[in-house]
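You will see subunit A twice below: alongside subunit B first, and alongside subunit C after that.
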Partner chain A sequence: MDKLRNIIGKNQAQGAGGAGAPAKARDLRLKLGVLAVLLLLPILLQNEPYYQEILTFVFLWGAMSGAWNIVGGYAGKFSLGHAAFFGIGAYTSGLLYTKLGISPWLGMFGGMLLSVIFALLIGVVTLRLKGKFFALCTIAFGMLVEIMAVYLRGVTGGSEGLLIPYEPGFWNMTFASKVVWAYIFLALMLGVYGVSRWLDKSALGYRLSALREDEDAAEALGVNTLAGKLSSITISAAITALGGSLFAQYFLWLEPNFCVSLDLSQQFALISIIGGMGTAIGPLVGAAIITPLQIFLRAAFGSAASGMSMMIYGFLLVVVVLYMPKGIVVEVRDRLRARRTKAVAGVVEREVSNVA
Partner chain B sequence: MLLELHDVTKRFGGMEAVKDVDMGMDQHELVGLIGPNGAGKTTLFNLVSGYYPPSQGSIKFQGREVAGRKPHHVTRMGLCRTFQLTRPFTHLTLLENAMVGTLCHCSELKRSREVAHWALEQVGLDHRADDLAQGLPIGHRKKLELARTLATKPKLLLLDEVMGGLNPMEVQEMSATIAKIHAGGTGVLMIEHVMSAVMCLCQRIVVLHHGEKIAAGSPEEIRRNPKVIEAYLGDSYAVAGTCEAGPESASPTGQA
Partner chain C sequence: MDGTLFLQLLVSGLLIGGVYALISIGLTLIFGVMRIVNFAHGEFLMLSMFAAFWLFHFTGLSPYLLAPLVILLLFAYGVAIYVLVIRRTIGSPMVVQIFATVGLGLFMQNAALVLWSGDFRTIQTPASTALLRFAGIQVSQSMMIASLVAIVIALILFAFMAWTYPGKAIRATVQDRVGAQLMGVNIDRVFMMTFAIGSALVGIAGALLAPAYPIFPSVGANFGLASFVVVVLGGMGSMTGALLGGFLIGVVETFSGFFIDAALKQAVYFLVFILVLVFRPTGLLGQRGAEEIGLK
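On to the complex of A and B.
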C-alpha cells in the first residue's frame, strides 16, 4: 500500500508542478529564443518601413494592453477609460515640450504623476462599484478627458490636434531612425511583461487574484481590497501615461479623436481579452495577432470596400470569443495541462497494475 | 473577555434579524451557536466579523470595538470567519489560497509560504498543496476554508457550518481538527447543525431563535432546556443525542 502511495505521490508531484528541471530548462531556452528574435527583428526590418511600423505598433499596443491587464485582468476591474491615461501622458509631456521647452524625458514623469493623481481620484470613487457599473464609469471618465482635450483649444489645439516639431536629438526625444523607436517600445513592452511576472509571484499579485474572484472572501482573509485595487490602477495608469508620452514623441501629432478615444480604450481591453486576461504573456500574444491583422485588413479593403475590414475583424473576434472565451494563452495552457494530467493518470494506472 | 456582545440588534427594514443579543466568550473557549434556520446565526457572524454594522449595541473583541471597522481590519485584529457556502479562489492552488490568509500578518513570501503549509497540514490537505482549488469535493472545500482562516493566525475563529454536507467520517475528522485548533489556544465560536458534534465538542452553547438568545449553558443544560427542545432540538433529541462519537472527537481538549 505504501508503495502504491509513493507512486501516486511521485506522479502527482510531476503532473501538478509540471516543471521538472528539464521542463524548466526548456522553458528558459524558449524564452531566450523569443527574446533573441525580438531583439533582431527591428534591425532585420530596417529596410522595410511598412513592416517596421507594424512591428513598432505591436510593441506599443502590447505594452499598453499589458498595462491595462494589470487592472482589467489581474484585479478584474474592467476599465474602458484607459485611453484617458494614455492621452494625459501624451498631452502632458507634449505640451510641456512644445510650450515650455521641457525635455520629454522629464515631461513624461509629469504625465505619469498627473495620471496617477487622476487614477486615485477616479479609483477611490468608482472602484467600490461592481462589474459593469465600474466599466460604465470609466467610459464616462474617458469621454470627459476626450471632451476636455477638444474644448481646451487654446492649450491642446482642439480637434485639429497638437503638432510636435520634428527636431531630432536625444534631449528632444525625437529620433530620425525608426529603429530606435522599435527598440524603445520593445523595452517598454518587456518592462510591462516584467512587472506582470513580478505580480504573478508577489504578495500584491496574490491579493489581486483573491479579490478578483471573491471580494468578500478576500476581505475575510485580511485583504484590504480597496487598497489592492487602488495599487493596481495606479501602476496601470502610470505605465499607460508613460506609453502615451513616448507615443507623442514617436507620432509627433496628437489628436483627441485618436489618442483619448473610446476606440483606443476598447483596443487595450480587446487585445488582452483575445490574448488572455490575467496572464503576463496574454496581452503580448494578443497584440502580435490583433495589431497586424487590423493593419493588413485596413490596407486590403481600405479603398475598395471601406467598412469591409471592420466586418471581417469583428467576425474574427466573435469566433475567438466563442471558441476561446478565456483567451488564446489560457485556452492553450489549459489544454496542454489536461493532456499532461491524462498522461500522468495513464502512468499511474500502469504502475498500479504492476504492483498489484 | 475575548468577545463581548452587548445589546446587539440588526434591523433589515422592519425585520429584526438579531435582537438585543448579549453574549461573551472567555479566552480559549469553544462555544457553539445553534438555532433553527433563519434564527439570525449567520447575521450575527456578519456583524461580529465587520460585514454589517449593527443597528444598535456594541461588539468588543479583546476590549476593542468592532463596529465601524472593515472586515479585513477585523481579521487583522485576530478575528477570522469562514463562510457557510465555501468560497475557494479557484484560479489559485491550495497553498496560494492559504497564502492569501498568511499575507495579512507576514509580507515576506517565503515565510508566509511556510505558514500556509502549516495551515494546510492542520486540516490534512498539505499533500494537495500544489493542486488548483478548482473542482474540489465538498469535504476538501470545507477543510480549505478552515485552513485559510487558520493561516491568518486568529485568536478567535468563527466557523459557519464547517460540517455541513460532510459524511460521518469527515465529521469526525473535522471535529478532531477543531478540537486540536482549540487545544492550541484559539477561541472558537461555531454555528453547526450536526448536533452530535456540537454537543461533544463545545464547552458552552448559545441558542438563537427569531434573532433572540433563548438559552445559554453547558451542552447538558441545553439538551434538557424545554425552550430549546421546543424551538429546535425536538422531543426525541433529549434521549438520542448522546456522545457516541469516537474518543478523539469526544474530548474538547483533544489529544488527536
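On to the complex of A and C.
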C-alpha cells in the first residue's frame, strides 16, 4: 500500500503539480524564442515591403484588440465603440501636429487624456447597463464621435479626411523607414501584452474576472465593481488612443469612415474573440491569423470584391463564437491539457496495475 | 414660424417615424420573446430590399404586388438562420449572444457587396415618386403606405398574440419558459416561429421601403441603428412602444434636422438613445423584463 502511495505521489509530482518547474522553463524558452523571432522579423523583411506592411499591421491590430480585450475580455464588457477612442487619439495628435505644429510625441498624450475623459464619462453613465445594453450604448457613442468627425469639417477635414504632411524627422514622428514603424508597433503590442499579463496576476485582474463572471455576486462580496469597470475602460481607452496617434503618423491620412467606424470597432472585438478573449496571448494570435488573411484576400480579389475579406471575417466570427466560444487559443490549450492529463492518468493506471 | 411649415415638418416626421416603427416591430418581437438582440437586423432589412429589387427587376410587377413573395422569402430565411445560428445562442454566454449576430451582420452586408456590388439601385415606378397634397402640405405616397402598414401590422400582431393558440404559446414562453414547457409548449418551435415572424416583418418593411429608398449593401446600417434607438426608446419587447418610439424618433429627427443641422439629425437621436439607456433603460413603455409581450 505504501508502495502504491509512493508511486501515485511520484506521478503527481511529475504530472500535475510538479511538472511546474520543467514546464515553466520550457514555457520561458518558447517565449524567448518567439520574442527573438519577432525582433528579427522587421529587419529580415526590410526588402519585402508587402510582408513588412502585413507584419506592421499584425502588430498594430494585435495591440489594439489586446487593448479591447482588457475591457471586453477581462471585465466582460463588450464595447462596440472602441474605434471612437482610436479616432480621438488619431485626430487629437494629428490635429495638434498639422494645425499647431505640436510634436506627435506630445500630442499623443493629449489624445490619451481626452480618451480617458470620454472613457470615464462612458464608464460612469453606462454603469448600470449589462451585456447587450452596454454594447448598444457603446455603438451609439462610436456613432456620435464619427458623426462629429464628419460634421466638424473645418477642423477635421470632414469625410475627405485629414492629410498629415510627410516631413521625416524624429520630432515629427515621421519616419522614412518602415522598419522603424514595425518596431514601434511591436513595442506597443508587447506593452499591451505586458499589461495583460500583469492583469492575469494582479488584484485588479481578479476583481475584473469576478465582475465578469457575476457582477451582482462580486458586488455582494465587497468587490468595488465600479472601480474595476472604470479602471479597465480607462486603461483600455488610453492604449487605444495611443495606438490611434501612432497610426495617424504611420498612415499620414485620417478618414472618419475608416478610423472612427463601426467596422473598426467590430474588428478590434472580433480579432480578440477569435484569438481568445480574456487571455493575454489571444488577441495577438487572433491578429496573426486575421490580419494577414485580410491583406491576402484584398490582394487576391482586388477592388472587384472589396467585401470578400469582411465577409469571411463575419463568417469566421459566427463559426468561432458558436463552436469554440472561448477562442482558438483557449480551445487549443484546453485540448492539449486534457491530453496531458489523460497521459498522466494512463501512467498511474499502469503502475497501479503493476503493483497489484 | 408659420403653421404650414410646422405641420409639414410634423407630418414628414411622423411618416419617417412610421417607417422606423415598421422596421422596429420585428426587432422588438424577437427581443421580447427570445431576449436576443439581433445585431444583424439592419442587414435583414437590406436583404429584403434587395429581394424586392430583384423580383421587381425580373418580373416588372409592382413592388406592392411582390411584397407577399418578399415576406415569404424572409420568413424562410428566418427559419434557416434560426436553425443554423440562433438556436445555438439561446442560453449561451453573452459573448455568443452578441457576436453571433454581429458576425452574421458583417457576413450578410459584405456578401451583398460581393454579389451585387456597392452600386445604388432604385425601383422606378410611378408610385415611388408620387406625392399626395392636402391642406398645403406634401406627403410621399410610398411613405404614407409604409406608415399605415406599420399601424395595421401592430394591430394584427396584437390580435395574433391575444387570440390565437401560437400567440398564447409565445406569451406563455415569455412569462415562464420552464412552465410553458411543462404545459406542452414546444419552446424550440416557439422560438423558431418568433424569429421567422420577426424576419418576415422585416420583409414587409423592406418590400415597402424598396420603392422609396435607394438600395445598396450598407443601407441596413443606418436603418438598423435607428431601429435599435426606436426599440430601446419604446421599451424592448413592447409593440406599442415600437410604434410610439418610431413616431417620436421620426419627429425628433425631422425637427432637429430642420432647426439644428441636417448633418446632425442622427447625432440627436443617438444622444436621446444614450440618455434613455442611462436614465430609463426599460424605455417609455417597457417594464423591467418586459414580461407582457404584445399586450401592452
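Quick notes on this structure:
As a working rule, the second predicted complex is superposed on the first by the 306 of 356 C-alpha atoms of A that agree within 3 Å, B and C clash if a C-alpha of one lies under 4 Å from a C-alpha of the other, contacts with A are read in each partner's own complex, and residues count from 1 in each chain.
Going forward, contacts are C-beta pairs under 8 Å (C-beta built on N, C-alpha and C of every residue); 3 or more make two chains touch, one makes a residue touch a chain.
All values derive from a computational prediction rather than experimental measurement.
By the touch criterion defined above, A:Phe315 reaches subunit C but does not reach subunit B. Of the two partners subunit B and subunit C, more subunit A residues are in touch with C. By the touch criterion stated above, A:Val223 is placed in contact with subunit B alone, subunit C being left untouched. In the superposition on chain A, A:Pro168 makes contact with neither subunit B nor subunit C.
By the document's definition of touching, of the two partners only subunit C reaches A:Gly307; subunit B does not. Contacts of A:Ser202 after superposition on the shared chain: subunit B is touched, whereas subunit C is not. Of the two partner chains placed around the shared chain by superposition, subunit C is the only one that A:Phe78 touches, whereas subunit B remains out of contact.
Applying the stated contact rule after C-alpha superposition, one finds that A:Gly346 touches neither subunit B nor subunit C. The interface of subunit A with subunit B does not overlap its interface with subunit C at any residue.
Subunit A meets subunit C in the complex at residues 76, 78, 80, 125-126, 128-129, 131-133, 135-137, 139-141, 143-144, 147-148, 150-151, 262, 266, 269-270, 273, 277, 305-311, 313-318, 321-322, 325. On the side of subunit C, the complex with subunit A involves touching residues 37, 85, 88-89, 92-100, 102-114, 118, 217, 221, 225, 228-229, 232, 261, 263-264, 266-267, 270-271, 273-274, 277-278, 281.
Those residues of subunit A lying in contact with subunit B across their complex are 9, 13, 16-17, 201-203, 206-207, 209-210, 213-214, 216-225, 278.
The touching residues of subunit B, counted against subunit A in their complex, run 49, 51, 70-73, 75-76, 80-83, 87, 89-92, 96, 99-101, 103-105, 107, 109, 112, 127, 130-131, 148-149, 151-152.
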